[in-house]
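Both of the next two complexes hold subunit A, though its partner changes from subunit B to subunit C.
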Partner chain A sequence: MLRIFHISAVFALTLSLISCDQRRTVDRASEEKVLLLGNGDEPKELDPQVVTGVIESNIINALFEGLCVRHPENEGVHLPGMAERWEANADFTQWTFHLRNDAKWSDGTPLTAADFLFAFERILTPEFGAKYAEMLYYLKGAQQFHQGESDDFSSVSVRAPDPHTLELELVAPTPFLPDLTMHYTWFPVPKHCVLSHGEMQTKHNPWTRPQHIVSNGPFQLTSWKFNQYIAAEANPNYWDAARLKLKGIKFLPIKNAYTEARMFFDGQLHGTYTLAPEMIRYAKDTEPESLRQEPYFASYFLRCNVTSPAVQNPKIRRALALAIDRQAIIDKILQGGQSAAYSVTPPIGEYQPPKAIEYKLSEAKALLKEAGFGPDNPLRLKLLATDRDSTKRICEAVQAMWKQELGVDCTIVQFEWKTYLDKLTKLQYDVCFGGWSADYPDPTTFLDMWKKGGGNNRTGWFNNDYDQQLKTAAQCSDPAERFRLLERAEATMMDELPSLPLFWATTNYLLSPQVQGWHPLLLNQHPYKFIDLTQP
Partner chain B sequence: MLKTLISRLGQGVVVIFFLISITFVLVRLMPGDPLTDEKAVPEHVIEKNRAYYKLDQPKVVQFGYYLGNIAQGDLGPSMSKEGRQVLEIIEYSFPASLILGTTGMLIALCIGIPAGILSALRKNSWIDFGTMVFAMIGISIPSFVIGPLLASGIASKVPFLKVAGWGDPLDWLLPAITLGLATAAYIARITRGGMLETLNQDYIRTARAKGLRESTVVLKHALRGGIIPAIAYIGPAFAALVSGSFIIETIFQVPGLGQHFINGALARDYNLIQGVVILFGILIVLANLLADLALAAINPRLRNQS
Partner chain C sequence: MSTSHSLYQDAWLRLRRNSMAIVSLGILTVIFLLCFALPFIGSIGTPENSGFEHWFKDPNHQDLNKTFLPASAEHWLGTDQSGRDIFARLLYGGQISLLVGLVATSFSLIIGISYGSIAGYVGGRTDALMMRFVDILYGLPFLVLVILFSLLISEYMESLTTLLRDDWGWNAGFVTRFTNLIPLFVAIGSLGWLTMARMARAQTLNIKKQEYVEAAVSLGLSHRQILTRHILPNMMGPIIVYATLTVPGFILFEASLSYLGLGVSSPNSSWGILLKDGANYMETAPQLLIIPSVLFSITLFALNFLGDGLRDALDPKAAKD
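Showing the complex of A and B:
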């Protein structure tokens, strides 16, 4: 009996101690200047040259820094990062980056051009097997080296005439190179650290583990609890450390969007990775000041397998595209402020994609009739989709629109991710729901996918004129003229509609008003060094 | 006794070997590829990565390598969480699952056994009906309903409870309740059945006739026989609880093992699925063995047989 009394006393004491500090987790964290972010899933790796995903890049952008840095508000402005300044020749094919003298790794080792050369060589070494090495194919000789046509890295046009100068020669005029350098594939890696835990081409080198990692970004990794959290603290050796307002960031790998929203409303997170469409209305009602709905440089569409008899005829594809009421899908299903897409590439800056598609039933019906289909002879096709609920609802809406307006018999076939990818890649589908999000803020991040034989094309479609137009645009050094050429290329593609545009994306997420300096950005990559937390 | 133990362990090894072989074949029959991704990877890079994971070898050779590695205690590298060994993933995830499973089982036992005994003693009374209806509800309502209800209904209102997360021991409570409820319901039903059968036995009537106290009759004489079916169930149920639950782990953000069953399969991470299946197999074998030993300990007839 006495023992029971003791146990209950200890339990009561523990409870009272725990409940002493009744402030919410976020309020305590704001006071300590630690940003708590939901981050979707456990990262696959933290090596900038191994990863390919958004989840990983959200963390890597805190730990590492490239030659240039994103502006906190304006996508078009590039701020100095590891490079203090840079210049290009008139046609943007030769660039010189001047690295800052005070650039250091988090262990205090000076960061030099040699680290960049090492990083470029490592990611392009075929034996290393980097999945995203193509991002460096802008460099002259990079593709040949990566594909094993040359085994001498000096054939790749990057030079370091001195420890603080990096000279790059590119295959074609690339006015947006500063944007590319902000992508993690272009980040430097610490040569001394990588080599002390393996060789350059060692595939799974443990250098990114918390006990080993050395980085050059505003934050440094302090703890990596698998599937629990990743914590980073301000890096005192960062060149711009004086500007940092945050003392740390904690990334939580929360896979379940509903759990994440519950945690946010319970005061456990400053920001969520996403917000399920079903939660948008609830968020609007309860915490409208926390709901963020911002344009995102991503596009959703229906790929057409042009080798399949069902949609081989461009008239059929156009009819299908004209019969989709995109605004209805956005208003009734997505509810996230997306825009109805009239082309595949979303507009960005001066780039205005052609207005190729709108909701026009009469024309759709006429085109389908011309193609030989009608009520007596309905078009039959299969719509391939992943097993996500949100995808299913969109596909069902499209299915119903096609059925009601055109009499098309469309069957939705859903598969889980890897089977879906397998069928997509092997062209075992008629029409397929898909999307693409940009790697860098330039229309070519979308347009390049539809090139002949491109790995991400996956429609069987090609058009030599289109490829030629892209090539011509790539050789053009006048940015405005280049955009006009790209617009023309997109118009060529939209004439044949290898994919039917649906909507241009937005990001929907929750962000506490305590977070300052976090502005809408098209790539949704927010430079953490400008972010601050106010007291509750 | 020792002979039984050795023969059971021997059977266990055979079971695990078959489990490894069947899993090895089945995962490779799934469509899709562990090394492909949304962004297309150039063919020559895929080839390099295939060679790294030895997927370019004939299946028989792969199996040989795999068995050889297992014999050395190496479950291979994960293909989806690059740079991590499967053993390392299990090492990180198993403690959370073990804590959650054990707490869940304790809750299940604390609710299930008394409820079962009470039901049996008050057979056909409102207590019996009430408990059994409650048990039926516990079995029927899936954890993906109970979990969010507990999180939104209780945790968000009680200051010291978090809706999700895994840090201090209080975080174990809600997921463990969610996990334990269904098991508690099963245990209650099985215990009730076992007790009803025992309470009708002659030796119980004899015990009562001798004037023993009711609590002694029930807890000492009847429970010993009545609990046997429950113990046979608890063994495998415990193994299932500690191997984790994908649903509860994602609802309460528990860094456990259950999610790797699902995510490993979805990502076609062959090594990860095989690794967790082997672990689950070993747990089941051990839990059954322990259940057998426990049964032998409380049932003299079984003890003498062996």
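Showing the complex of A and C:
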């Protein structure tokens, strides 16, 4: 009896200790003005000129800042960032950016036009091997320099007449240049810091480690606890530091979208960037005020490695594309109001992508038979995917559709993000599930990546006609005519299907009502400097 | 007239008096038959000429128009998130989980017993050397080793798959399922024998000093004869008991590997995978988690009770009650 008393006493004591601080993690964090965000996975790198993924960009946008800054509510408005003001000539080919005098790096070093020049030279240096260098091909001479036709960076037309002025000359009329400068490939990097930890062209330069990194954005990196969190705190040397309301941000690499959602409902996160499909319904029932469903300029597709014998034949690729019942995947698995894609680029404004693909089993079967495959000689494929659970379900659905309707023997191989990117880049796959979210609100953000040798092409596919059509479109100054040319280019690509369109995304995520200043944006990139947290 | 009973006959008599163990044995038999015989019987005949496939579904056949259905005559336990038959997936998953348990245990029996009994029988420096090697392996984290090991082997599995399928003409579906499991079997089995080796060595050391072994030595029997005729049969009791207790351990281990995404590959199922997937729908479709958990727990309990019963039956001296 005494023993029972002891046990219950210990139990009661433990309970009372636990209940000392009953507030949820988010409430405490809100009080300290620290934003807790679920960020899907561990980033591969934090170097703006190396990374390519959305996960990385979510963090880099907090740490670095380009010439212009995104508006918190309106995608068409560009706010001054590192540049105080800018002007362009009449046909948008000559741009001058005036950098602010008080721009500083987080270590106090002044930020000058030289840092921008260094960053541009770094990303364009062929030996550096940046995957995303073609984002700067808008600069006159950039493509030639990057492809080794010229080894003198002065042939690229960016000039710094004085430390606070940057003059750019572009290949073609580009009214959306300010949108581009908000993409991390255009961000400056601290020349002094990068060079003290390696050469300019050193790819795995340790300057982004927490103990070394110097940045110019509203926040600076404080710690990177692998598989726990990446923490950033307000940067006191930021030019607009007075406006900052947050004291810090923590990015949590939670791979399992269900776990992430549960952590949110349990009060451990202020927001997520994604939401598992089944959780949409659950969130609607339990916390409708936290559920956000917004349009998102992104597309999902299956890349085909056209150098692999399995899918080398365009007929096979077409058969595979025709056999996917996209609407069923959207209705039964995704459940987030996505739309079935009939081409890679989603429609935007006046841009109407070609209706290249639909769900047509009979044609798919006939095409596969023509290519010499059938039930007695099954086509064998490896489908590469990341190890996220929501990805697994989509891949299993596609796998079953191919198996049940075409008799295709498809094996799913799942890897975590870094290995996945590595296999993708080295073309060690047949078919690969992937997506692309827009870097700026224009169809070329989707079309440029499929150019010959593009760092994000990753299919081994190229077509000189396609490259030529894109070039012609880039030279066109009439917006409507330009869109028609781009549509024609996309049709050329969809004839050969280097990637099989799946669906055009919407974004579904969870956000606590405590978060202020987070508005629906088509690119789903929210400038953290305007965000505030209210008290619970 | 009284007949003499062998060790195993005695043990069987004692086991029969342990009702929990007998019930567990019955349950295990039923689960085994369900997992291995039912899918086999159910898939006899092709869809054209047999009615069987109507009551036993293809575990990987999905129908996105029939997701999360409740139990019905068509789908005995309903359907899962992709419209696949839960009952079929449960039994096919059971095949893999039980196979992993059994195969890994036999691996560990074979390696552990030969290694341990040789170390114990030879003794001296050889024994010390062999057991220090076991100690070193013990010191390494098991999970990490198994993951490394299975990654290492899976490199070779691709060429094995092509060999079996294209050169030997084996059934493609079977080959993929089979080669998919080999890394798991080999990795778990080849690292799971350590405790078994220690037990076998301890038993050997004990039996080696018994009078009947000394008699055998003085009769001039060879080392091999002594090992196989006297030492091995006499140490089987504790070993069998330990083996029944390791089966659930390995099944659990496969479950945790699958839970980490390192087990069998999509779309095949194992109990671990069913649990992992089911956990994602905890809020919205709890039956997906509950059904495999129940069967899994029943199997583990039964194996544990049977192991306990066997220990009491084979080694009455050790039994406390």
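General observations
In this text, the second predicted complex is superposed on the first by the 326 of 536 C-alpha atoms of A that agree within 3 Å, B and C clash if a C-alpha of one lies under 4 Å from a C-alpha of the other, contacts with A are read in each partner's own complex, and residues count from 1 in each chain.
The rule we apply is simple: a contact is a pair of C-beta atoms (placed from the backbone, for glycine too) under 8 Å apart; a residue touches a chain by one contact, two chains touch by 3 or more.
Since we're looking at a predicted model, the values are computed, not measured.
Within the superposed three-chain model, A:129 lies in touch with subunit B and out of touch with subunit C [touch as defined at top]. In the superposition on chain A, contact of A:258 is made with both subunit B and subunit C.
Of the two partner chains placed around the shared chain by superposition, subunit C is the only one that A:409 touches, whereas subunit B remains out of contact. Using the contact criterion defined above for the overlaid structures, shared-chain residue A:393 touches subunit C, although it does not reach subunit B. Legend: residue contacts after superposition of the two complexes on their common chain; A:452 is shown touching neither subunit B nor subunit C. By the touch criterion defined above, A:284 reaches neither subunit B nor subunit C. Subunit A is touched at more residues by one of its partners, and among subunit B and subunit C that partner is B. Contacts of subunit A with subunit B, set against its contacts with subunit C after fitting on chain A, overlap at residues 256, 258. Subunit A meets subunit C in the complex at residues 256, 258, 276, 278-279, 281-282, 325, 328-329, 331-333, 378, 387, 389, 392-393, 395-397, 399-400, 403-404, 409, 411-414.
Listing the residues of subunit A that touch subunit B in their complex gives 15, 18-19, 22, 25, 42, 44-45, 47, 50, 52, 126-134, 147-148, 203-206, 208, 225-228, 252, 254-256, 258-259, 262-263, 265-266, 268, 416-419, 421-423, 425, 454-456, 458. Across the complex, subunit C meets subunit A through its residues 60-62, 64-65, 67, 81-83, 172, 176, 261, 265-267, 277, 279-285. Note for the complex: subunit B touches subunit A at residues 30-33, 36-42, 44-45, 48-49, 52, 77, 80-84, 88-89, 92-93, 148, 151-152, 155-156, 159-160, 162-166, 168, 170, 250-253, 255, 259, 266-268.
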